[in-house]
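My structure is below; once you've seen it, I'll send some questions.
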Amino acid sequence: MIELEGIEKTYVSSSVKTRVLTRVSFRIAAGEFVAIMGASGTGKSTLMNVLGCLDKPTAGHYRLDGTDMVNLDDDALSHLRNHKIGFVFQQFHLLDRATALRNVMLPLIYADQYPEDAHQRAEGALAAVGLADRMSYKPSQLSGGQQQRVAIARALITDPTILLADEPTGNLDSKSGAEVLAIFQRLHREDRTIIVVTHDRAVAEHANRIIVLKDGMIAEDQPVAQPRDAETELAAVVGKEAQA
Amino acid sequence: MRVLRIAQEGARALAGHKLRTFFMMAGTIVGIAALTVIMAVGKGTEQKVMKRVNAFGTHVIMITAGGGKGFSPPQEGVTTLRPDDAEAIRAQVPGIELLNVFAMKRGPPVKAGANQTQAVVTATDQNWHEAWDWPVTDGEPITDEDQATMARVCVLGTTTARELFGDQNPIGEYVQVGNVRFRVKGVLQTRGVSPHGGDFDSRVMIPLSTGLRRLFNQDHITNIRLKVGDSSRLTQLGEEVRQLLRRRHTITPPKEDDFSVFTAAEVAKEARGISRTLTYLLSALAGLSLLVGGIVLMNILLISVGERKKEIGLRRALGATQGDIFRQFLVESLSVTIIGMVTGSLLGWAVSVVLARVTQSPVVISWEPFALALAFALVVGVFFGVQPARRAAKLRPVEALR
Amino acid sequence: MKLSRNVILSVEILAAHKLRTLLSIIGIVVGVGAVILMVSAGNGAQKQIVDRIRGMGTNLLVVNAGRTMIVAGRQRQMDIVRTLTAADARAIAGECSSVALAAAAVNKKMAVRWEDQDIFTNVTGMNADGLTIRNITVASGRTFDAEESRAAMRVAIVCPTAAANLFGTTDPVGQQIRIGKVPFEVIAVAAPRGMDVNGQDQDDLIVVPLETAMRRILNLTYVHTIYAQARTSRLLDTAEGEIAALLRQRHRLRNKPDDFTVQNQATVLEAERETTGSMTLLIGSVAGISLLVGGVGILAVMLMSVRERTPEIGLRRAVGALRRDIRNQFLMESAMLSGAGGLAGVAGGVGLSLAISTLDYWPTVISWPAVALAFAFSVAVGLFFGLYPAVRAARLEPIQALRAE
């Protein structure tokens, strides 16, 4: 239900044109777990922005669940993001002065209809990521891994079509990173569509399919034969800690 | 409602940064407080002025013999104001309800038996009591019969009555003014302080005819008091009277009038002095500080937009539209000015109350400053909030999140 | 760090955020400008009043018969007293050592006629000394000589406004007029003197010799007023005392209250100065509120600036800057900010003051000490409101500062 057709993105700054994405085309079906890989400067951030409806391509078509981005104005894009996209950022981007619960509820503020059970939904989402007992904690009182889990709960609250994660483990230690990837894999088993953008092959290999970008173009698009299992890795790390 | 949710987000943002919010409010608080105090004091002074005008008479035109600036007692030696001037006014100027002609003299000693005092001797016609709304509380007033018969009767003011007769009832007794004896037939109601600051109750009233012919031995009068039906035409009628008298006394500018015409409006202007101008000036200066406060508010908000780039980018990523962001920041700005206005008004009110007690000068708390303050708060909040709000809304999410 | 380096650094940083810098100083500019403008206007008004008071006569003392009160802006005599005489004036001139000149005067507002023109004007009887004391000088014609005064001749000096009202464009000198019922010859026109402190036109006046007025017009044996001139302005209070004592003795008052009032120009001047002074203070203070609000603005902006530049502060400390270097740097910035605003405000305030004075809207007198004070105050505001942020910046620990996002 994600269709990219001939996506191009060119930046113009003081009469210098830089083409960042060239003829990017692929399809992602519902329920897939895809990793988009590439070194910095390969255009993977730009591709993520397009996928996340944060930026419009200069040419080509991006169809999400049948809707073509090309015709949408700013307000419509905002609306789409609210409904269909759940973001998880490398820097977490939580509101410092709000509790975990309020952070999770934030997307609902911008929804068309504020649900009556907003509170309960948020509590449920936090429980699903294992933070039921940390609802009223502020980000400064949570570890990096916990903060990212709050971000995941936030991303899920609107029941989006895709979960879009940008280097989700970039700021985390190996244990927290494994926890986060474990959650993603669980969500995948529950039929969520997940797209992770990363430069780290080890992270990308937790997905079921890897798309590699090089110089703004797709270099590879292959399924992963045997994805790494985050749960196992987590157990290993915990074991090491117990031994130390 | 979406707008309400957005407003809540704005309120939360303010509450989360109390110090910054306080700084944003500072100008509004101080400016509104100053404005409130200034207006309260101004109103108090205005009230004082109105009291003076009411003492003068809101429907009254007073003609005094002798020119010169300022509302003052008649000048000695001016003999050009005459009873037929009054007749001419009655005949030719429309809208005059009542005419009272009198001649005042200060100085001739008033004696009663062994007691003597000084008072203002006023020779007047029978319209006096109605023209001045000044009845007798004891005995009888000057009547047209007294006037017609040149009766040698008088009505005393309470101060004079007391000075001559002590606690004794003066009705029926005799007083001597100059070399004429008058029988006391009434005592006037107590009035207090005159518009010139003297004792209004130190007076002896005698019939006009008796006064002019028997006592003063003159043809001229010192004053004409006119009561007008429609107070909105006071200034206009005053001018008509002035023109009429100039014609009758053959006065052409630049020659000065040998009379002065005063209406309540002019009395008010004189009593006010510079206080009204002063109030306006001070209010403008207070308004200036409000403006400066608005600029400070805008500056702080602009800087905070810069600081909150990531937050704005996040909200946009989560689905906030440009309009949502704009409205949130505008709400923040408006909330600051409105809360500042309330705080400033309360502060100003408190200071006014203390000021009234300490200086014992009149201070009036009314609703006008609050309404004005609210209007200011709204205007300043919107005007100085728009620019930062637009900047915030126009931030591109991709750049903001970087 | 050296002062000059601090200054250059501060300027660079302030220039980097032009809009923010501009907005930050607007409050100071407006506040300082408003204060200077209001104070100049107040001083201008005060000068105008002082000039008027002085214009009535140098080192002037006025002795009035009986009690007088200011009613509706004019001196009004509250009772009729006949005890003040021309002899009293001569005695004052002779026996009071601090008095240079003294002259008796009578006045009355009267009808004056020339050919078929009637006016109603002030008529004063005064001799040559009185003319000197009251600054009445002859513009055309000649003044009374001693012979005319003594013989009570019927000569008159007409002041400009009365002259214009009565004669129009005809030259008054040599004309015959009637004052009351008495015929006079006009021998001079006086130079204009303008308005007195009560707003009365001093030029609406006709002056005749004292004797003439007393004997031929008014039929009086007593006088209304004695004008006196003290030798120096510092002797004014002494003169007031001497005159009062002398008159009390001559009028044999013993325990009774004064039957005269003495007004001393210095006292009047002082009273006026106080009134306008406190008014200027009030207005200036309210104008200064803007300055204060501007100061708060600077405080807020500096705090935010410190927060933004935390990494930079950490770096500076890491390479060897002392706490006080950091503090001084930020203090310098806020002082420069408000100082720049103060300069602009001074320029604006002075410029506006000059403009409205030149355009005749309102008299202004620029008090340079006040300007310097306002500028100093603006710098002080910057230092005061910038102290807290500067101290906070200095207190940052380098490691935490460097780590901050």
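Labels A, B and C are assigned to the chains in the order they are written; within every chain, residues are numbered from 1.
Quick note on the criterion: a contact is a pair of C-beta atoms (placed from the backbone, for glycine too) under 8 Å apart; a residue touches a chain by one contact, two chains touch by 3 or more.
Computed from a predicted structure; not experimentally measured.
Distance between Cα centroids is largest for the pairing of chain A with C.
For chain pairs B-C and A-B, the one joined by more C-beta pairs in contact is B-C.
Chain A and chain C have Cα centroids separated by 76 Å. Between chain B and chain C the centroid-to-centroid distance comes to 27 Å (mean Cα coordinates, whole Å).
Averaged Cα coordinates give chain A a centre that lies 71 Å from the centre of chain B.
Per the touch definition, chain A reaches chain B in the complex via residues 49, 52, 54-55, 74-75, 78-79, 81-83, 87, 89, 91, 93, 95, 97-98, 106-107, 109-111, 114, 154, 158.
Taken together, the chain C residues at the contact with chain B in this complex read 19-20, 23-24, 26-27, 30-31, 34, 38, 69, 71-74, 76, 79-80, 108-110, 118-121, 164-165, 199-200, 204, 279, 282-283, 286-287, 289-290, 292-294, 296-297, 299-301, 303-304, 307-308. Chain B makes touch with chain A in their complex at residues 2, 5-6, 8-9, 12, 16-17, 310-311, 313-324, 397-398, 401.
Across the complex, chain B meets chain C through its residues 19-20, 23-24, 26-27, 30-31, 34, 38, 66-73, 75-78, 107, 118, 196-197, 250, 254-256, 258, 270, 278, 281-282, 285-286, 288-289, 291-293, 295-296, 298-300, 302-304, 306-307.
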